[in-house]
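Read through the structure below, which is laid out as structure tokens, and then see the notes.
The chains carry the letters A, B, C, D and E, assigned in the order they are written, with residues numbered from 1 in each.
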Amino acid sequence: MNGTIQAPTIEYALLAPMLVVFGAAIVGVLVEAFAPRYLRSAIHLPLTLLSLAGAFALTVWQALKGVPTKPAAMGAVAVDGPALFIWGTILVLAFVSVMLINDEGHFVAAAAAVPGSAEEEQALYSGAAHTEIYPLVLFAVGGMLLFPASNDLLVAFVALEVMSLPLYLLCGLARRRRLLSQEAAVKYFLLGAFSSAFFLYGTALLYGYAGSIDLARINAALGTVGGQDTLLYLGAGMLGVGLLFKIGAAPFQAWKPDVYQGSPTPITALMASGTLVAAFGALLRVFWVGLGGLDWDWSPVLWGVAILTMVVGAVLAITQTDIKRMLAYSSIAHGGFLLVGVVATGTAAQNTSALSGILFYLVAYGVTTVGAFAVVTMVRDAGGEAWHLSRWAGLGKRSPLLAAVFAFFLLAFAGIPLTSGFFGKYAVFQAAVSGGATPLVIVGVVASAVAAFFYVRIIVLMFFSDPAADGPSVVLPSRGTAAVVGFAALATVVLGVYPEPVLHLAHSAAQSLFVR
Amino acid sequence: MELYVPILVLAVLAAGFAVFSVGIAPFTGPKRWNRAKLDAYECGIEPTPQPVGGGRFPLKYMITAMLFIVFDIEIIFLYPWAVAFDKLGVFGLVEMVLFIVTVLVAYAYVWRRRGLDWD
Amino acid sequence: MTTHYLVLSALLFAIGGVGVLVRRNAIVVFMCVELMLNACNLAFVTFARQNGNLDGQVIAFFVMIVAAAEVVIGLAIIVTIFRTRRSASVDDASLLKH
Amino acid sequence: MPWLSTLMGVSVLGALGVTLVRNDKLAKQFTLVVSLIVLALTVGMAVQFSPNGDKFQFVETYDWIPSFGVHYGVAVDGIALVLILLSVILVPIVVLASWHDAEAGKRSVRTYFSLILVLEAMMIGVFAATDVFLFYVFFEAMLIPMYFMIGSYGGAQRSYAAVKFLLYSLFGGLLMLVAVIALYSIAGKGTFMFSDLVGTVQDVTTQKWLFLGFFVAFAIKAPLWPFHTWLPDAAAQAPAGAAVLLVGVLDKVGTYGMLRFCLELFPDAAKFFTPLVIALSVVGIVYGAIVAIGQTDMKRLIAYTSVSHFGFIALGVFAMTTDAGAGATLYMVNHGFSTGALFLIAGFLIHRRGSQFIADYGGVQKVAPVLAGTFLVAGLSSLSLPGLSTFVSEFMVLTGTYQRYMVPAIIAATGVILAAIYILWMYQRTMNGPTAESVKGLRDLNAREKFVVAPLIALLLIFGFYPKPLLDVIHPAVKDTLSSVGVSDPAPAVPVAKEGQ
Amino acid sequence: MNGPTLNDFGHDPLWISIIKAVAIFVFLMLGVLFGVWTERKLISRMQHRYGPNRAGKFGLLQSVADGLKMGLKEDLMPRTVDKVIYFLAPVIIAVPAFLSFSVIPFGPMVWMFGHKTALQLTDLPVAVLLVLATASIGVYGIVLAGWGSRSPYAILGGLRSSAQVVSYEIAMGLSFVAVFLQAGTLSTSEIVAKQAGGRTWDVLGMHLTMPSWYVVSLLPSFLIYAITMLGETNRVPFDLPEGEGELVGGFHTEYSSSLKFAMFMLAEYVNVFTVSAMAITLFFGGWRAPWPISLWSGANSGWWPLLWFFAKLAIAFGFFVWVRASLPRVRYDQLMAFGWKVLIPLNLGWILLAATFKATRLPEANQAFVFTIGGVVIIGAFVIWLRFDTVNQRRREAKATQIEEEFEQLREEPLAGGFPVPPLDLPHYHGVVPAARLHPDAKEVTSGSN
């Protein structure tokens, strides 16, 4: 039963990016503990940004030094091409989001205070602020890094939680519309915990089936173990539920609009970009590495899910009257488009093209969505950010530049050529077609036409309709926000006009596929 | 399994005794009905009505409970480590130092945020 | 014979799941989630015995931690909203429905 | 010298420049200058084009996205050349014509003109693209500036029209995208270059599907019945200038695409679908004409005439005879001019009176003779009166079709009569008869507007009597195209060059 | 022979287990009776009183009398209580208290009715965990008792004592770690075996066995444990839950009399025995004879060890009484602060130190490296400690001055922020509502008369 234990080994160098982020997070907690209040955010911001940048540098260094071909840390973490690419993406997105988060005024002064109570007033006047958000964000980012790189299901589960728990809290910290924010937190928490329980039970069943939680071993067991298919299918299914929930695929998308709307917009940006990237990385790894031998069984299901997700996302988005909810539904739809790429498996070459397509899509979508939410933070009226679409009417007249940028982002979401979104869609769809998923692609095309409708509707609203008398005012963006918007716009243009470098990078990252 | 049988025996014994003595209590004693006796005891003043399902109590206790959970979990990890220390060797030591330091960081945070003082 | 334990864990998991879906009090829902996690633990330990390796029991440790962390954070969130609206019913939290 | 890139570069830079100019008037003049420069450059390129040289000339090919095998490849053959000419001729005219249109909407004038220049660049690009992917990119991207032009500067229901236009075209474009992707992966050449893709798809069934993918997109673009419903709205709501570019050039992309891609990439499928397409075009011809008769709104009427004319073009394209093909190509050009003229003059009229409804007019002839006269000429060109260029092209199409499909040709011919009805009737209702109160004191064309109309009329007349230069350029290209499709004219071919002399 | 090991358990036939279990049970019951008497006697002696001396010789039967009296008193169940919980709480408290004893080793292998068996009910690979587990189940009893009583005092008392118990449980659990580090096992019998004689050395021809009890090598752990076992059992100076002064009996306020209350008493004393027995097992060599006796070779075999064990137990119990007699009750915030801010960090630091020292003895250990770790640990701990100490110093002073000011203010005008004073015109219970309407058949007995 219990064999002799021998001391394990850990390749600290490979895990360096994660370790840096987590270390910075812990230091951040120390800062919270010991630094005087007026110094905290002054210390936090550089600390956070530097750690992210450092982690990014380490990732690049890792990639240059040569991608390892076997999992690290006793097979617990797989630092391979896709993982490195995803790390880079997440770190960039996180960096940008942090610049957005840094823009004060998004977060509550005293989360524990009852909204509208005297103590909240007092906290506001005393200039209190929850600088804890920085360590929390760092922890979340660390989880995001670990999640797609986790090579066994336990690590995946822990990473999932490390990623989610801080986000649950961050959701509830919006400065304005406290009730919405708190509800978002509760809903996100309850549903998230629910789904992670499913993930865990799936893990348990697969463990029972294969006698190991190591993805490669599970995959190996698929062939050899017999007679326990119930365990296998139930386990795989529950695992899938957990993962699909995280990416907000239908029919598990219900939480997304509520949470996106309720939580502070910078956090929404982080979730919409970073979490999606991480979750997709993990999804790919689990389904391709862990259940690769089973794809004949799961790909039909994923077909259905993808179709449902695209349709639900696109159709429900039309009925939305709230900009953040609209963006949430659009992110659901984009999740569906990405799923199209996930099912386009086949030969190694085929997988490579599908994987690289997904990777590129993730980059393009992530950057654009951060930019879009950054714009949302800038359009405000008396009650804070103006979410209701009617308030956006005629924005094109009041501040043409901002409206133009936002319209550009929307066009990118819609996948109009010469924007990054187009090449993302193209890459995924092309992979899907060559993977024999043409029907799926046609559905996707129709869905994106429908989706285009509501993106266009907003453009119409902003440019072709006359502004409301007491329309929202566009605040002068802080340097951070301006930089974020600028960066996102620039990236969207560049990826739309000359995507070759990133495409090439994604391709070479996907070349080695996932290590086993 | 064999190892647990005796515990079961003892448990049955103790439970039997406890239930028995608590059970017969009402019958051994006299019955003298008196409304004052049947009120919750509050040094003689009118008992404050307690809401059904229990009243609300200071969050302080919840925080204590949370801290307890956290440290209890830490203990969960310390025990196997301690038992297997010889096999894990220096690696185990280093890891445990990291682990405990991490916990201590959180501990310091709680401490500084008055999470540990009672008032 | 480990089947019974598996059945038990499946039952617990199902109870928890149903509870999450039908109960309305946030705290009860939350406890149901914890119940599900513990069902997972039971399953892990059982399978560990079945497969004759210790992984499952180790996993159970980690699951415990995660569960603990979830308890801490979840209760914090629920308590805040409870203080705000004097009720922990999920139905009352309906501002986001539209 | 990289002519085509230069052309596009100049217009794009011009567009950027316009946005930088602070003063509106200056911006307009700047735009005009830029467009004239482009025109000059294009003419300079055209004279260097050797009709009997190799098919594609002024070839430029650079890698754009190697991972996808996408190139930045541009070149022109005769067909593309004339269409580019059409575009660059129309642009300055439109700029001049819509000198004051932009003020109407109280929207940024500079944006309007820079949009026009961007559009010009894309029009050149879409005709010149020799890489299917590049073609698609321009094909889709072209929508955006036009969308904004209609949406921001159009009439009462502009946003509805704009969205309708955008979504229709977008949807078609996405279908085409699927076809493009499929073509790429089936061909397996790892490249999107048109020349490499020709003849790669052998399996007929596949051809049929891909053909449909392309064809629907083009049919929506060049409003072929029954995909035409967006055109009347868009054309009616768009400002006159935008309408000209829309109907005059953008829609040509559809028919051009049929001629270039549908035929050459999927010859067998094209042959298979020919009857269907011909049927559609004939229906389109008659339907468009009849509906046009019933219109009360001038712009809508013109739009419907275009539907009918596009029927002719498609008919010519799919008749697959040299004459018909050449005629169709010529038709594209001439239709650009004639419809352009119609829209512009109608635009002037509407601008003066402030109403698009025929009923509001009458007896304009008396108060504004020049306007009425030019309107008449344009109208006659639209009903392809002999002596005007449209007649040549329409005649060639009919004869060409007749050689292979008699019945459709005959039915299509009735379109001519119907055309006479709607044009003349409209003219009569608006220009003749007792002068309506409302049109009293209507000013005649001013100098600027004369400058706008004159070249169009001139071109109509010139090519009406001497289409040879165009035909010389077009003929070899069409021949080449048809030969690569693998059809040969049924003898005896009517000697075309004599027409009109 | 060196005492039983894990393999010696789990072979007993059922009847032997039953015998053992009954023996333990009886021992505990008697122990409690005797313990109560001992305590009262000792403490009164320490306070220059006689203590119980009426019932039986030296009042030996005092506790028995008390027990009988409790049994014969009226069993009250207040109207407001939650019946089920109110009934279950005493049971839940009492049972785990007994269970802990099932893994306490009383002695080595002996012959019992022709069976070779250990003087220990049973042993587990995780025996100590069992003790901790039962201890924390006992907490449920406390909480439920307070909760079910539906009375402010009870609820507060229950919460307080549970908070206190869990707080000290952490420190207790941590103090075990060092022991496991040394022993390398959680099984009590093996821990005892590990404490068998250490190195022996010869002094003038006679073999001296060095004391190998962990209390010597792990003194800090023991000290911490000694404190926590007081807190864990709600004994003076940590007996706040039933601090009569502030909480009138705390969580068992509503269990005013009768056998239910007896259960709480029983549980408390059994717990005292349990923690003492644990202390003996983990730190004082369990049933093994202390040094001078251990020179006699027969000391650690046969039934003798029972004697040593009980002796040690008696001494430990005496220690409890002694503390109770000499220490005042601490304030609640002091209690918690001590548990959280002193015991836990000290404990963690000590664990790391112990681990480091042990690591130096590992074969593959790189001494320098290990020592650097040790140094880091020590210095780090010291620095943090210093920082915190100063910080708290400042905070304490600030608080003191503030309280001082408040008192000043109160001295000026007493009613400012004064206490809620109960209304003086409370309706007297008798005859406010005619008893007849409530209980037609019941005849009300005025309180005080019986």
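Heads up, the rule we're going with is that a contact is a pair of C-beta atoms (placed from the backbone, for glycine too) under 8 Å apart; a residue touches a chain by one contact, two chains touch by 3 or more.
Quantities reported herein were computed from a predicted structural model and do not represent experimental measurements.
Fewest steps needed to get from chain D to chain E, stepping only to touching chains, is 3.
Looking at the partners of chain B and chain E together, they share no chain.
Listed here as common contacts of chain A and chain E: B.
The chain with its Cα centre farthest from the Cα centre of chain A is E. This structure's chain pair with the greatest number of C-beta contacts is B-E. Distance from per-chain Cα centroids to the pooled protein Cα centroid is smallest for A. Chain centres computed from CA atoms place D at the largest separation from chain B. If you average the CA atoms of chain B and of chain D, the two centres end up 83 Å from each other.
For this pair, chain A with chain C, the centres built from the Cα atoms lie 25 Å apart. In whole angstrom, the spacing between the mean C-alpha positions of chain B and chain C is 20.
Rounded to whole angstrom, the centroid-to-centroid distance between chain C and chain D, based on C-alpha atoms, equals 66 Å. Multi-chain contact residues, meaning those touching two or more other chains, occur in chain A at positions 34.
Counting only pairs that meet the touch rule, the chains in contact are A-B, A-C, A-D, B-C, B-E. Contact residues on chain E toward chain B in their complex (touch as defined above): 9-12, 14, 17-18, 20-22, 24-25, 71-81, 87, 90-91, 94-95, 97-99, 101-103, 121-124, 129-130, 147, 149-156, 159, 162-163, 166-167, 169-170, 173-174, 176-178, 180-181, 184-186, 248, 253-254, 256-260, 262-263, 332-333, 336-337, 340-341, 344-345, 348, 351-352, 355-356, 358-359, 362, 364-366, 369-370, 373, 376-377, 380, 384, 388, 391, 395, 422, 426, 429, 435, 438-439, 442-447, 450. Those residues of chain A that touch chain D in the complex are listed here as 356, 400, 411, 414, 416-418, 422-423, 426-427, 429-430, 433-434, 438, 441-442, 445-446, 448-449, 452-453, 456-457, 460, 463-465, 498-500, 503-504, 507. The touching residues of chain A, when paired with chain C in their complex, are 1-2, 111-112, 114-115, 154, 157-158, 161, 165, 168-169, 172, 178-180, 182-187, 189-190, 193-194, 196-197, 200-201, 203-205, 207-208, 211-213, 257-258, 261-262, 321-322. Within the complex formed with chain A, the residues of chain B that make contact are 84, 87-92, 102, 105-106, 108-109, 111-113. Those residues of chain B that touch chain C in the shared complex are 59, 62, 66, 69-70, 72-73, 76-77, 80.
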